[in-house]
Each structure stands twice: as C-alpha cells, then as structure tokens.
C-alpha cells in the first residue's frame, strides 16, 4: 500500500486531490477496481476516468481537469511502471541453479550461471550458453545449441538439432523442430518425406506460447534476428522468416515461404506455400495470401490484395444487395424504354 | 457386458426385440459398431438406425417403430448415461495425495485434500485451495493463487501471479499468463513492453487444451465467472472477458478487448484490439470484428456485420458472376437503344 | 566435411567443376549459405542457382548448364538424402530403456523394447505395445491402450481411455481426449455435458504438435488409419475422421462431423458441427464449411462452394468497385434516354 503523497514523492509529481488516498494496486482505466491507481496521457483517456473505479490516476502535466485524484508527472509511463514495481516487488525466489531433479545428459555443455529447473530434460551433445534459464518441464532433445541469456519457459519442446540465438525467449508449450508436414501421396496412403533439417532461431527473437515451428525437410527453417512471434503461430518447414518481423497470434505460414525484414502480419493471417513477402509489408488480420507480395505496402483480405482496393470492395460488397434491387429496376426500365421506342417505331412505320 | 434384459431392468424400460441381445459398449448412431448400444429421441434419428451397426437403442416411449432392438424409457439421456457408466466403471485409481515426485516450494500453502501428481511444479508463495487436483507435469510459477476444487490438467502452465477461482478447470497444455504481445517498435527493432500484469480467472470457468491467455501489461487480463473457453483459444493482454461467455475453438481476441455477459463466439472468430462486444452478442464462425458491437444481436462475416445483412450479401455475391454477364448485356442493350433513338432523331431531322 | 570428389564417389555421379570444392552442409537453394550443397531437378531451379550462395549442387543427368559446381546423378532426391545423412550422422544416443525417473503405474503393461524417457507418466491399467517410444514429459492417464512402434513426443498428453494404433506418431504438446465443448445452457450459466467417451486413433496416423482431439460425449472420436493431422489442428468431440485424410495446420472441425477417405483440408479450414464431407473432397485454405459436401470435388471460400464458382465470384468481386461506377453511369445514361424519348413523344404530341 502507498498513499498518494508517497506516490507523488516517489515519482516527483504534483498531487491534485486528497494526499491520504490509499493505493493498493495498478490497473488500466477499464479494469480498475477500488484502491487501484491508473493513468492517462491524453484528454480522451482523462474523460474516461469519470467512469473508472480507480482511486487515482497518474496524468501528464498538461492535464488539469482530471475527474479523480491525480498526480501530474513528467513521464507518466515510466512513473506508472515504477509504482507498479513498488506495489508488486519481485519476491526473492528460492535459488535454483542446476536442479538435481532435472535430467541432463553427461555429454551436454552448460555455460556459466545457467539455471535449470526441476523436471527439465537436456539431451546428448546439447550446449547451453551463459546466463540461460531452462524452466520446469522443458525438453531439449539431442544436439541442440542454445545461446546466452535465453529463457525457455515451462514445457516448451526443442526437437533435435535446434539452434537458438542469444537473448531469445521461447514461451511455454511452444514446439520447435517437429516434423514438417510433407508427404508423398499415393493410392495406398501418404508417406512422410525425409526429416533431415532443423530449426534456427536468431538473436533477440521471441516465440509465443503454443507456437510451432517445423524443421526443414533438408536444411533449415529460420527465424531472423529480432523477429517476434505471438502465441499459436505456425511456421511450416523450410520457411525463412526475415529480421524484426511481427507475427501476431494464430498466423499460419505454409512451407518454404520467405519474408523480408520488418514484415507485420496481424492475427489469423494465412500464407500459402512457396511465397515471398517483401520488406515492411503489412498484412491485415485474417488475410489469405495466394501470391508473392511486394514490400512497403499494406494488404487485406482473402485473397490478400492492396488494402485500398480491398476496402473499396468491402464498401461495394456492403451495397451489393441494394445494387441488385436497383439493377433489376434498371432492367425493367430499359425494357420499358425499348418497348416505347418500338411502339414509336411501329407507330411511325404505320 | 450387459444383456438387453439387464439394461431394461437397470433403467426401468420396456424391451422391444430380443432380450438376450448382448451389449458391450455405447456409441452415437453414426459411430456404433457391432455390440454397441445407441439412442434416439426423435423420429429423424430413429430412421437413421436402419443404417447403424448398433445392436440396440434406447428410445423415447413414443417411438414404436424402431428398426433395431430397443428399450423404451422415460428419460433416454439419463438412462444412456447410466448404462455408459455401468459399462465403463471408473477403475479405482491408485491414491495420489501429494506425490513426493512433485516439486513443491516450501513457501507454498496447500489446502485440505489437495492432489498433486508426480512431475508437477509449484513455485514459491503459491496457495492451492481445498480439493484441488494438479495433474502430472503442471507448472505453477511463483505467487499463484488457486481456489478450491479446481482441476489443472497435465502439462498446463501458469506463469507467476496467476489467480484461478473455485471449481474451474484448466485443460492440458493451456498457458496462462505468458508475456503480452506489446512492443515499442523503432528502426532498430522491437522492444518488449513491461510485463507487470497478471491473469485472473473467475469461478466455474473452463479453459481448453492449448488455450493461451496473456497477462496484462499493467493490471489484469480477466476471464469472468462461468465463462467457458474451448481448445486453442487466444486471449490477448488486458482483455476483460465477461461472465458466462462461450468462446469456441481457435477464437483469437487481440489486446484490451471487453466482452459483456453470455457472449457466444463460434469457431475461428477474430476480434481486433480495444473493442467492446455487448451482452448476449453472438458471433458466427470465422467472423472478423473491426468495430464495437452492440449486444443482443447476431453477427457474421469479415468484417462482422448483422447476420441478416451478411446473409443477403452472401446471396448477392453468389449471383455476382451471373449479374456481371447480365450487366454487360444491359450495357449493350442500352447502347443499341441509344443508337436507335439517335437514328430516329437523325431521320426526323433529315 | 566432404569434397565434391568424395560426394561424386558416394552417389556414383559425374563432377562438373572443381572436385576439391568443400561441402559442410545441405540446404535448399534459397536457404543455402557458403559451403552448402543444394540440388536441382529441373531447368527452373537450375536457373535459380546463379542467385544461390550454395557451393555446389546435385543435378539431374540432363542438366548440363549448371551455373555452379555440380554432380550429375541418376536419382537426385535419393543421393541428396544420402549426403545429408552422411554430413549429419545420427549421434549414438545414450540408451534410455525404461527410465527410473519416469512414473509408471504398477498396473500398466509394457511390451518388448519399449522406451520410456525420464519425466513421463503412465497411469493405471495402461498398455503400451512393443517398440513404442514415450518421450520426456509425456502424460498418459489411466486405461489408455497404445499400439506397437508408436512414438509419443515430449509433453504430449493422452487423457484416460485413449486408444492409439500401431506405427502412429503423436507430436509434442498434442492433447488427445480433453473434454468436449458441449454445455447445457440456461440463464444461470452453462453446465458441462457428460464426458463418457474417448478418442481412438488408427494405425499409421500422424498427429501434429499442439493439435487437440476431444473425446466423445458418449462413444468415440475417431481418426482413421493413415490420416495425417498437421500442427494446431482441432478435432471436436465425436468426429469420425476417415482414412488417409490430410488436415493441414490450424484446421478446426466442430463436433460430430464425418469425413470420407483421402479428404484434404488446406490450412485454417473450419467445418461446422454435424457435417459430412465425401471421399477425396479437397478444401482450399480458409474455407468455411456450412453444409454437407459431396466427394471428388474441390471447394473454396466461406461459405465453401465449388472452387470454379468461388473463383468466378472472386474475379467478379475484384471488379465490383469498377462495376458500381459503370452501373451509376448506366443509370444516368438510361435516365437521359428516357428524357430524350419523352421529349420526342412530347414533341410529336405537340
């Protein structure tokens, strides 16, 4: 608990309202409950505060009409983070080190300051870099190479030969390097292709919870440096994802695709196999990509086309039922005209 | 194994057919194999029985023309459940208690009659309510609070500070409280936002297998009392899901959305960020929501609009190729008319 | 490392280029880096080799103009696989057997040559066939029956009563047999239906990473022999999936559906509940199925209709904004015509 006065002191801000107001938590404007501190950096959000249950707000210095108790401060985001950390101090955790309840192959190599929780499995010939943390239940099969300061969260699975760069995070239950979905199909069924490839994840990459990245058939499936994959993303075998991509949740990319750098895909986008997406391309939610796409453009829809064209189609589509009625009227109107013209002609001929 | 006679006795029903028919399992009409008992409560399903491989059926008392051996009974559903339980008795399981193969922090608090299976991990300062069951491989990181009579199924993961209400179920490989997908993007790449929030799941909630619910940036992501999430659902950071929602499989909800009570979303629905969905709104499968939606209405399509409007568009769309042809014909017809009219005018002028 | 000369000897091929070229890895044309061997079987891919960083390529015997060093060979695919295996020999793994760090019920039955890794859990009354491998962290709840030569990859979960046929593979973090999403809904909330059924997976089936298959309400959810499910597929309760189906990633099938044999669904397809899909039907990516579909046809779109019809609609839709403009022009043209005709009539009448 902190009083508003203590908060103002901590962040070097100015109180407007009762300095004895007691704050027990931090929350967004919509989520706030009694005793919570929230924040607003513009007029729109300040206006929302009258409907919030928050006890007080951190606000920008120019906001003077805050409807609830407030502390004006220079850098709202930074100050709010500071109070959040103060109210929920990271409890000192029991040191873990290398748990003797983990299973670690004698042929694995561990760097300095590695943490391995109970129940983790590290296979033969793996190497794990300095400062890396392996959470409970993580399974790293043989011959994986994991860089420095990596976090692999609980129950994530790395199949054999996976490579992970420095400072990357792999979230819970993600699966890296499972078999690619490639079959030779005949009338008796489907025979799995060879699975001799692996997955390479670059530096500073984030891989979301329950995300799956399949190994290459031969060679690698690659996630470039700095690329961030949300939860439940699927990346097929032999894809080459560029640097600093943002792939939102439930995106699915079929096999052997390539993306440039700084590509953004919103939620539930699907990409067909063997396609290339250019640098800085942006794909709207639920887009379905069937052709290569040039960079520096925004695409929407299934099939995905330039956003401005798709939004014109959406607009026209919305008026389609009305247009059908108008069209039928027009057909009748033209038929009547033709009738009148023929009558005239007949009349003249007569 | 039960004879039809034994079944009739158990459920207090009337046999039509051979009482010595032997029943070894229960199944749906379509799935039934030799020796199975199935059921039908209306004429349509009764008719399907002639194509079923089932040996016999439980039927409603008014059904007298069942094409296979049957037992007429007062409450078919209840009687069928009774026979199903009889044929597959829950084997007495080895009592588990608190397994000494689980890893439980000394600072964790466990209620009465808690079950913790081998391989589970319970972090520092966690509390687990009376009667709760933690299955093998579940990982509960530090400072989580779990209510009474909760079941957390195998290999589910709760990140730190997660709260779970009473009588809720979290299915296998679900991930609660992973990092939200929020980044400050610049030309050098994407920097992860702070991750100071957590997830709160209410009472009587069900969370499906491989479903992921991200923590709030600050404050909470909340799932209201009685809400049921199917498998592979994604709920983004800071979402506030109301009470008694039904979110079907593969629904994806971006960050900071709010839903009312009794909202229903069919499979593969996607919701953009910062949107609000009103009480009792129903979203058809694959809907893509780009705007706030009022309650008490059904919406369909991407972009999601009122169902009746969308179905009119679907109907018009289906006729679009034909309409294009008709349109081209009409253009020619009008051109001809114009030609004739101009000829007439010229003729008159001449 | 192998020289090109050694490679030619190994595969019985003919070198074109420098025989001392050193090869350290195998890769696709696009993914290749310095020192990699790649391959090309047609002219199109041969042409791409000028832009590849590969050091050399295996090529078909008829290809004589390869822009980089090459080895011509009779069966490129087979030879390439051979070199891939040579360059990445499967390291001899520490023998595992039945790990004493696994938890195996005393009432479980294990066949010959079963491998069970540390951290796996095998419940009461389970049976596991000869030659089957259970990876780390796998959880098999009570009364499951698993065939011969099955692989269950790390952290996959089988709920109670699951049956798995011979030679099937279940990939990491897949969940088989969680509760079906069936509720009796009332004004006080939703009550879970009975969950007395189970899942049956046939022989030679592959189940992808993070794929979920729910148990039947009564009776079974079935996956037929030889059917292959990619990652993140969802199969609802009581579905009966036929033989040799290919279900690509992120496909979602609602409850009680039936599919024939050799059905193919591309990525992100959704199928409504209680629907039937005929033998050899093919569903394009992102299709949304709302009605039964006959076999031996290809369907596309949401709602899914015959591909040729859907592609006509796509084409017409793309021209819809232009057609709207043309339509407005036509309306004006017809109005003008009508005006002229009326003027003429008036003039004549005058």
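We call the chains A, B and C, going by the order they appear; numbering starts again at 1 in every chain.
One rule holds in what follows: a residue touches a chain if its C-beta (ideal position, glycine included) is under 8 Å from a C-beta of that chain, and two chains touch if they have at least 3 such contacts.
As the structure is a computational prediction, the values presented were derived from the model and not from experiment.
> Through what angle, between 0 and 180°, must chain A be rotated so its C-alpha atoms fit those of chain B, rounded to a multiple of 5?
120
> Over half of interface residue numbers shared between chain B and chain C means same, under half means different, so which is it?
different
> Can you check how far apart chain B and chain C are, centre to centre, with Cα atoms defining each centre and the answer in Å?
Chain centroid spacing, chain B to chain C, equals 22 Å.
> Which chain B residues touch at least two other chains?
119, 137, 155, 173, 210, 232, 250, 268, 286, 317, 320, 323, 327, 330, 334, 337, 341, 344
> Considering only the defined contacts, which chain A positions touch chain C in the complex?
Against chain C, chain A makes touches at 103, 105-107, 119, 121, 123-125, 137, 139, 141-143, 155, 157, 159, 161, 173, 175, 178-179, 181, 183, 185, 189-190, 192, 194, 196, 210, 212, 214, 216-220, 222, 232, 234, 236, 238, 240, 250, 252, 254, 256, 258, 268, 270, 272, 286, 288, 302-303, 305, 309, 312-313, 315-317, 319-320, 323, 326-327, 330, 333-334, 337, 340-341, 344.
> How about chain C: which of its residues touch chain A in the complex?
For chain C paired with chain A, touching residues are 25-28, 30-32, 36, 80-81, 84-85, 88, 91, 93-94, 99, 101, 117-119, 135-137, 153-155, 169, 171-173, 204, 206, 208-210, 226, 228, 230-232, 243-244, 246, 248-250, 267-268, 285-286, 314, 317-318, 320-321, 323-324, 327, 330-331, 334, 337-338, 341, 344-345, 348.
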